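Handing you this structure, nothing more for now.
We call the chains A, B, C and D, going by the order they appear; numbering starts again at 1 in every chain.
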């Protein structure tokens, strides 16, 4: 089995999409790791739907002294404040999401379709009694939606499909997919394969992707 | 002057009847009214409808099981009301059970009903409940499983879902400071949905770290005006904070 | 022509209805005068729909030094702060009105019907292009609605009518009417005449009131 | 870092096209963006839709005609845009003209259209515009002339009126301090509808007394988070404040 990119590399590649001045919402999982890959010359302002604009990094084990029980992100993780932080309610935070004031969201997914449909909520069809969270608003309200995920399921099945089989979070919302083997843009014409993980070929990626990929004329090895 | 200050949480929840609806924040350690939850368990009202983001909120706490005091919070999370069989319905966005939280089993057995709502819709339903309005339209969820069975309408060329307000008979609010008029300030993301709960409840009860005289809080920085608050209890020495 | 009560006396009588601890919204005109007739042992908290809870009295000419251009009531008058004042937006202020968090409103009227319908907004039928303001929300959302007004129009016509002829602000909302000749409660059975201005008889008040008045067994001279 | 700070009001309004919608507060001296109004008059965009509480807001000022500086405010009230024939439609709650304000004449002659909305509905329409929602139901106005021609629906046994969101292409905001991220604080009732305008506008421009570095404002007391603000201009010496 070929080497796949690890979670940090996926996060670093997604973080490259974040531009100076962007307001960004990071989903729990690989998404939250992006904060570690923002170069100092770039100012990215993080927003979280639990009511905080401009916060810093997620605190890890061993940093208990820095943790404030009153300051958490949407994933319930303890975070640091950043200069210019402001606090609001959940309702106010979602106002910003629905009115398009968030530039980018980086979130995980169970499945993405070739039209950019996203499946990443837990409805009863998936298991449990259901867990939706803020994903529906993020996916449909944020200007640019980046999905970060392994290219295939634990069983090796494709997660990029012609049609999602899991319950949809939102339709036609995904702009870019960063996986552990490729970077794929969702375009009007279909899925555009833009970058490959080191050592991977077009055919190898196509083999684990259900829809037919369009190959970018500028196809290259993944760059961080 | 109307006195809103009570000495104990037991007094503050004493008149909650069986069948009441209760709204509160539950986002881990940040802004959950732990002391009122414990008082409600002691009080024993049953057949409650529980309205919050979460039924549990253990995700923060599970990250840092060794953090001093965390076990105390785990034992005062809303799911303890499931263990004491006080809840008949939950309206939340996160319905996931854990080893301590029996929600999955109770829903699957039909003992508890669950209404799972997208988070942005959930908090907006609370907001318009607290605004005294009767419904709103949103494009969130259109084209997904969530639309199923929902009333829809095309507005300005867009298909929208009708959502109804959420209000509760009693609201539990966790704030930082209250003044004697009931004005409240919060701390960081412990603000959470607490200001929404304050407005969307018929009787709003606040647990606070400190009570000050009217006039001591900065008028520009008060988040919940006192007119939404009916009862205030200061968390005593040894209470959860 | 008999002596009628002046604006201050009407305001003082309405103020007597305000209880300790009440949250009160005062309409522009006679309403705002009520603040001058609250005895010191009674704490009444004033709310205004332009986003202020707990403010003091309206400043008058000659008090320019106390005026803050940034602190006005819903009538645009300069007011003083009171202990415990808090500021919010117009939208937040109306949330409190519609959810029944305001105990009493004292406002003026063009007309009141015997069922308690209120006409006090300026729709195009009345003149001008229209001026509605917050009266519709106040009249339908506040727990107790007290109307303060002269008993008759400038032309001597009744303002208390079987049916309002002016556009309605809200239906069946008025609880008490304090005029310059009488205090009248709106009850399920009809209008209950409770108090008379000094020197006025039941017949004299009935003569300038369109609907038939019910006479209270406790009818008395107006008390302040 | 994204620079939101501009040097002049002229630059800040330079791209407002003919036919644009503009939302702002107008409640006398408290919270009206006088300097942006003057800049918009100089700029000259026509066929504007004006959305505010008032078309004028002279009531405060007329009470105290002798207060120093008041004439300066009178000459920067929104109605000056009527004199310069820039407005084709107003959406307000107070439509009353005065000797200085020609709104009555212009509406009666058909030169300007007026939509007069109950104040609570008006500000809630702005709020849901700023919340990205598509409509709401209210019982306000039911049984009155306001109901005429409105779509209604019975919800939970109550007849309700459907109201649609208000958004604007440009929002003029009057605030006290801004930080470099665009976070805003206001002063007393000058807060007014300014936070609603900030959210309900596609391009939001703030005029402020002071600009400070990010981090200098108290996170708990910021009323408008910076992500709603696109342009900030500090009121210069001699500007209206």
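Here is the rule we use: contacts are C-beta pairs under 8 Å (C-beta built on N, C-alpha and C of every residue); 3 or more make two chains touch, one makes a residue touch a chain.
Quick caveat: nothing in here was measured; it's all calculated off a predicted structure.
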Per Cα centroids, the chain farthest from chain C: A
Chain pair, B-C or A-B, that carries the greater number of C-beta contacts: A-B
Distance from the mean Cα position of chain C to that of chain B, given in whole angstrom: 37
Between chain A and chain B, centroid-to-centroid distance (C-alpha), Å: 29
Distance between the centres, which are taken as Cα means, of chain D and chain B, whole angstrom: 34
Chain centre separation in whole Å, for chain C relative to chain A (CA means): 56
Shared interface positions of chain C, touching two or more other chains: 87-88, 91, 94, 97-98, 141
Overlap residues in chain B, where contacts from two or more other chains coincide: 124, 131, 133, 138-139, 186-188, 219-220
Which pairs of chains touch, using the document's own definition: A-B, A-D, B-C, B-D, C-D
Contacting residues of chain D [partner chain A, same complex]: 1-2, 130-133, 179-181, 183, 199-200, 213-215, 217, 219-220, 222, 225-228
Footprint of chain B on chain D - complex, ascending: 124, 128, 131, 133-139, 153, 155-156, 158, 160, 164, 185-188, 218-221, 223
Footprint of chain C on chain D - complex, ascending: 27-31, 53, 57, 59-60, 63-64, 67, 93-97, 103-104, 107-108, 114, 116-121, 123-124, 126-127, 138-146, 186-196
List of chain A residues in touch with chain B within their complex: 48-52, 61, 64, 67-73, 75-78, 87-91, 94, 97-98, 122-123, 125, 128-137, 140-141, 167-171
Residues of chain A touching chain D in the complex: 20-21, 23, 43, 45, 47, 53-54, 81, 83-88, 91-92, 94-102, 141
